[in-house]
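Per-chain residue numbering starts at 1, and chain names A, B, C and D are given in the order in which the chains are listed.
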Amino acid sequence: MTLWFVRGLRRGVVTTRYPARPDESAALLPSPPAFRPRALTEDTARRLVQACPGGALQLARNAALLFDVGRCTACGRCAAAAPDAVTRSGAWELAASTRSVLIKEIPLRGEAR
Amino acid sequence: MTRDPAAGGAMTPEELRAAIARQFGRSLHIRTLDTGSCAVCEQEIRLLAAPHYDLHRLGFFFTPAPRHADLLLVTGPMIRAFEVAARKTYDAMPGPKVVVATGACALGGVYPADPFTHGTVDAVLPVDVWIPGCPPSPLALLHGLGVAVGRLAEKVRDLPFTADDDPERERAAP
Amino acid sequence: MTPLDCYYIAAVAWAVAALAGLIAVRAAGGLRACCALSALGGAAAAAGGGWSLLHGDTPVMSLGAATVTGGPVQLQATSLAGVFAALLGVVAVAIACYAPRYHQPSPGTALYLGAYHVALLGCLAVLAAGGMVTFLVAWETMSLACYLLILRHPRDPAVARGAFWFLALSEAGFLLVVAAFVILSAKTGSTTLSGIAAHAAAVPGGWRAAAFLLALAGFGFKAGLVPLHAWLPEAHPVAPADGSAFLSGVVVKLGVYGIALFAFRLAPPAGAWPGLVVMGGGAVTAAVGILYAMAERDIKRFLAYSTIENAGIIVTALGAAMIFRASGQQALYALLLIAGIYHVANHGCYKTLLFLEAGVTEHAAGTRDMDRLGGLVRRLPRSAVIAFAGTLGIAALPPLNGFVSEWLIFQGLFQGFRTGSHLTGILIVLAAGTLGLTGGLAVYAFVRGFGIPYLGMPRTRQAAQASERGQPVLGPALLAVLCVALSVGAPVVLFALSKMARTVTGVTLGPLLLPGNLTVIPAHTDFAAFSPTYLSVFLVCALAVPLLIYLAGRPRARSVRVPVWDGGIVSFKPRMQYSAMTFSAPTRVTFDALYRPSVSVSRPADDDPAGRSGPVHYAAPVTPVFKRYLYRPLVRALEWLADLVRPVQSGDVNLYLLYVFVVILLAYLLGSV
Amino acid sequence: MTTELTATGAPRVVPGAVTTFQVASPDLEAVVRDLHGLRLADMFAGGSGGSSPRAGGAATDGDAPTLRLVWANDAGEGQSGYVITETQIDGTEYPALSDVAPAAFVEECEIYEQFGIRPATGKPLNRVMLPPHTDLPTLGRKPAREPDEVRAPHAVAGEAFEFPFGPVRQAGVESLYYGLVTSGEEIVDVYLFTWHKHRGLEWRLAGKTPEQALFLAERAEGLSAVAVGWALAAAVESATGTTPPEAAQRTRAVALELERLYNHAAAMAALCQSTGLSVGQSAAEIALERLLRLNARALGHRYLFGVVAPGGACRAPDSGAIRGELPGAYGEFRRAADALLATNSFVDRLEATGTLTSAQAAALGMVGPVARATGLAGDARLVPGGPYDPDAGGPGAGIRVATATAGDALARFTVMLAEAAESVRLIGQFLDAGPFFDARTAAGIAELRQTAGGTGLGWAESPRGEALAWVALDGDGRISRARLRPASARNWRGFDDACRSGNVFTDVPIIEASFWLTAAGMAR
């Protein structure tokens, strides 16, 4: 056991300070996509909906893209499908106490309205 | 399912968080429940107790006995064959209790509702907090637990998930 | 009027009951009448016993002239026998209250009740015997009657085997007892017990020792001393419940009575060694008994082994008493005698109770196998409560009676250092340690013995459908009350017993045992003290405290009732609960050397792929060490001898005449020498 | 290459390739006896031509399913390869194979549940996948009657009792039900079931495009997402005759070895937890967390999801990150392991715990560290071709397969440690082997050739052992029948034998940790 004790002392503290302080390792995590409304034409949106394996993206009637962050697995297939319209949001503190706040309405490009 | 007030079923999240802050103070016990996950969420949950994250410092503890549990951390798409066990576990917990749906499976991101699975956890249990991610990293889980007990604010509410040239973007990025 | 007159009343009542049983029990009314008489006799015997405790020994009185017994029947009510007589009476009353609901009126029952009452008479006669011939005849009568009452269902081979075990071992014991008596009476020239006691000085030490050892072995067969105990686990399960209750409650105790008789009244051998022998034998008996009890799943076999254990405890106390007498510690001598006899009374009560409840269980659930019972506390609530009292008693837990007597025995043994001799002191403390182990295991064993049948879920359908309608309650309940009384009223009991001790040992213990204010001290004021009465009261109050706390602090909000947490499995099955054998597995692993279990696991055929559904048979039966390595060789040897002497039995009349002639000739020659 | 195989014809294993034989139903048993030198790697039905079930609908009762047995040759030295025997099953019965090859038993049960056909011998079949009293869609004809409950009647006669454990077990572990039949101390018998985690993956995969299928395949057993994904991708590629770019192959290999590293670290942590050595657990978890962060930095996901794609790989590893981080992370791992091996209280608990003989392992078709700890040196990475083949530009000196002989928990642990060291070496060699593609332009993915139908077998050595996948594609490139067989689906069947090898029931957690399997992979 002394062996372990000494090891522990030598190892030092690795524990994160989150939530008191931000944790830089969060930057590495896969994060849901963020969309560029400028580049988000109707057929791009349709491609994105096609590409999404988890059904997190849907086309709303009012020509907006419904993005259910809860169902997003951050698989990156949408970014691969339309690199110009989709980028990495970097958001990871996504827990919500209301399901509806996780569903985002992304406006499509102007003339689609 | 029993949705009596004592069991915390029909409380609004605000009442619930108030009750938890009142009753559990700084110590809250977590029971995890795997309703058909792919074993990755479980690995991340185990890592919560690892030195890098050490959720004990925040007053969270894992307990094997639902009788001692205040918070049910549910992973997986709620397979129908597991429904009985899930209900039993929930009913075995004393109120007030929080149910946290963890991971994209639990939020309906991987499996649709079909003969095998309910698709989402809230089809069976009254979910109070949803934690997205496939899998949610330990940090995301910590944040989720914080939200569950009302110690951390929800940030996702004002994230638009639209990129370029709007100021929201900066707040979203860490 | 003397205690003997009470005995006469009892004897008459039982004799009539025996006849009534034989004649009238074809009808339920006859059964009840017979039992009423039996109860009357029991009450009389109990009264007589209690009286003779306080009254002291009566003079020997002879009845009639030469009778079948070859001499006048000599009777005497001694205070030592008084305790046993009182116990006999109590047990008889309890069984009399129990039998009418337990037995169906039938010819078999008639014979059984006849034999049973003859056995009662025999026991009473043994206790009232003032002369050796009377004693021996009574003893043999009792043995034969017991044999018959074990043979309730003679056509069942198991019953026949059990009964035969009993008969064979009691006869073996009887021969030794006869030899012991013959030696003493030959050397003292007297046939009355008090006469032998009076002329004990005339007996040379060697003969005393021989007589004592013979008697110890002979009565040891009845008392169930290891390795002479083999009949108990065989006979008890096959006898009817009240019959086995009678065997354990009284007959075994008579073996103890015999040992006490030779150790304290008749010519006791000098020196410490006989005491050491007795104590050692008792300690070994206690430990082995409880260890084998742990390996039993048949409730009655389990109880039989626990009887062996308790007999061991009693005999240990008597042995220690002998040691203290030899080393001149009169107070401790009297104390341990009292403690041992106290334990006789206690064990007589709760063991009878438990056997009667075992009978209730067997009739209600149709089996004695613990692993086929379970959950009876809901099905048989009344008998569960009664059995729980008995269990607390036999596990020697306060506030029940077993605790008082075992406490006294331990306090006596712990004072072994007062013997002066280091070796003796160490041996006594070793015996105390063995009893300590035994006591711990006894608690463990009876947690199992009560928990498995009465708690949990029913393991079989019969157990689930058990019902206590029409099952006897009064008899066991009476004994349960008595168990509590023997604990709460300990000072009174000890007062009576100290009278008995004074008659037997001549030591006046009075204040050394009972300084008043309901306290008990073990013969020396500087050692220890406690008050069973106050302890019981305190425990009851202590029980009330958490209850009050709960009532005070119970949640105001509506409490939610949910099923037991079972890990979320679909259905919790009875086979998923602890069974009797698995509960005792740790002990069986620890004492592997004694049990020598032969583990066997059999699966579906080996060519089957792993994981195929199929029953798995698992068994780990315990090796019956004594039967296999002691009795079987003996029986073989006997058969061999029998073969040797067979030629003598040619069947030729002339040859037999020659034998007669030779014998007469020899007798003549010897006489003339 | 499909040839007829009669009962007498000796099978020919083509190294590095999959040889398919047609076997007539009557000859099957004899052929199985002949092939018994090989390891029965998998057995499944369905996928007979294009008439297989589409998503959401079961097949009509009419079609006769094809029974496929996959045999592996573990010879190594460039001789490894696979053999598939195809047998048309007419009617509802086929020769009982589990009597000849016990490894087939669990698959016999699965096939009965999914297609309603059963071995000719009327022996009972266990419930494996289908929960009781449910009417779930199956891949083929419904079974005539419910399969028997596992270990249905336990005639332990009170001398032993069933200690129910689960399905909801201690916090942070998967749902899994054990029946521990114990006599109070030693384990008489163990059985387990996982049907409450059955997500019907093979049923879901039918009708999916390869891309969608991979998304689910990665989640069949998340802790070996790369291996299962690679196996499925490889199956699709061989079905379409596509060869992924070398860089993509190397990417997969790097990801696979990173997966092996973090899994073995996690197994080490679990072993410490099961032996109550929390200091060791913390040390192992520090290593584990660093390895996971390395995964995230190098390939964008802590558990390496979304790296493999049909036809190649989506992401290229960040060589710099790996070169920078791996030595430190592995150093943590190594130091923790050394300290553990120097801790007697730990080693003693593992020694002679959960022993599995090589005979048992071979009979049950064990794979991965469990098998290698008993001395069987099988390893799917030894199959010629692919990134590991030294002759095909793979790492020099090939792969040193770590084996042990004791077959107990300690042997499994040491095998894992040796494998971790080997993985580090391999990663280094792959990084040196050449440049990776630029991930932003999806140059890592070769276009899948459209072929009118076709079947293919794919394999990869997951941290738990060989993961297999088999697909049948229909005309428009969609999957008509996919078979996923993660290593867990194999190795659980050795678990009860290991538990029965004279252990007390406090050893079960240790044995489970040393097997390091997932219920998800078994239930699918």
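By definition in this document, contacts are C-beta pairs under 8 Å (C-beta built on N, C-alpha and C of every residue); 3 or more make two chains touch, one makes a residue touch a chain.
Since this is a predicted model, take the numbers as computed values, not measurements.
Student: What's the minimum number of touch steps needed to get from subunit B to subunit C?
Tutor: Minimum step count, subunit B to subunit C: 1.
Student: If I rank A-D and C-D by number of C-beta contact pairs, which comes first?
Tutor: C-D
Student: In whole angstrom, what separates the CA-based centres of subunit A and subunit C?
Tutor: Distance between chain centres: 80 Å.
Student: What whole-Å value do you get for the distance between subunit B and subunit D if each is reduced to the mean of its CA atoms?
Tutor: Spacing between the chain centres: roughly 30 Å.
Student: For subunit C versus subunit D, what separation do you get between their C-alpha means, in angstrom?
Tutor: The computed centroid separation for subunit C versus subunit D comes out at 64 Å.
Student: Residues of subunit C that touch two or more other chains: which are they?
Tutor: Residue numbers touching two or more other chains: 566, 568-570.
Student: Can you list every residue of subunit B that touches 2 or more other chains, as numbers and ranges?
Tutor: Touching at least two other chains: 51-52, 66, 85, 88-89, 110, 134, 137.
Student: Give the residues of subunit A that touch two or more other chains, as numbers and ranges in rising order.
Tutor: Only 14, 25, 29, 54, 73, 75 qualify.
Student: For this entry, which pairs of chains touch?
Tutor: Chain pairs that touch: A-B, A-D, B-C, B-D, C-D.
Student: Can you list the residues on subunit D that touch subunit B in the complex?
Tutor: 131, 134-137, 167-175, 195-200, 203-204, 216, 219-223, 225, 266, 269, 282, 285-286, 288-289, 292, 302-303, 305, 518-521, 523
Student: If you look only at subunit B, which of its residues touch subunit A in the complex?
Tutor: Residues 13, 51-54, 57-58, 104, 107-110, 112, 122, 127-134, 137, 139-140, 142-144, 146-148, 151-152, 154-157, 159-164, 169, 172-174 of subunit B touch subunit A in their complex.
Student: Per the contact definition, I'd like the list of subunit B residues that touch subunit C in the complex.
Tutor: 2, 4, 6-7, 65-67, 84-86, 88-89, 91-92, 94-95
Student: Please output the residues of subunit A touching subunit B within their complex, sorted ascending.
Tutor: Per the touch definition, subunit A meets subunit B at residues 14-16, 18-19, 22-23, 25-27, 29, 32-38, 54-56, 67-75, 87, 89-99, 101-102, 104, 106-107.
Student: Give the list of subunit C residues in touch with subunit B in this complex.
Tutor: 557-560, 562-563, 565-566, 568-570
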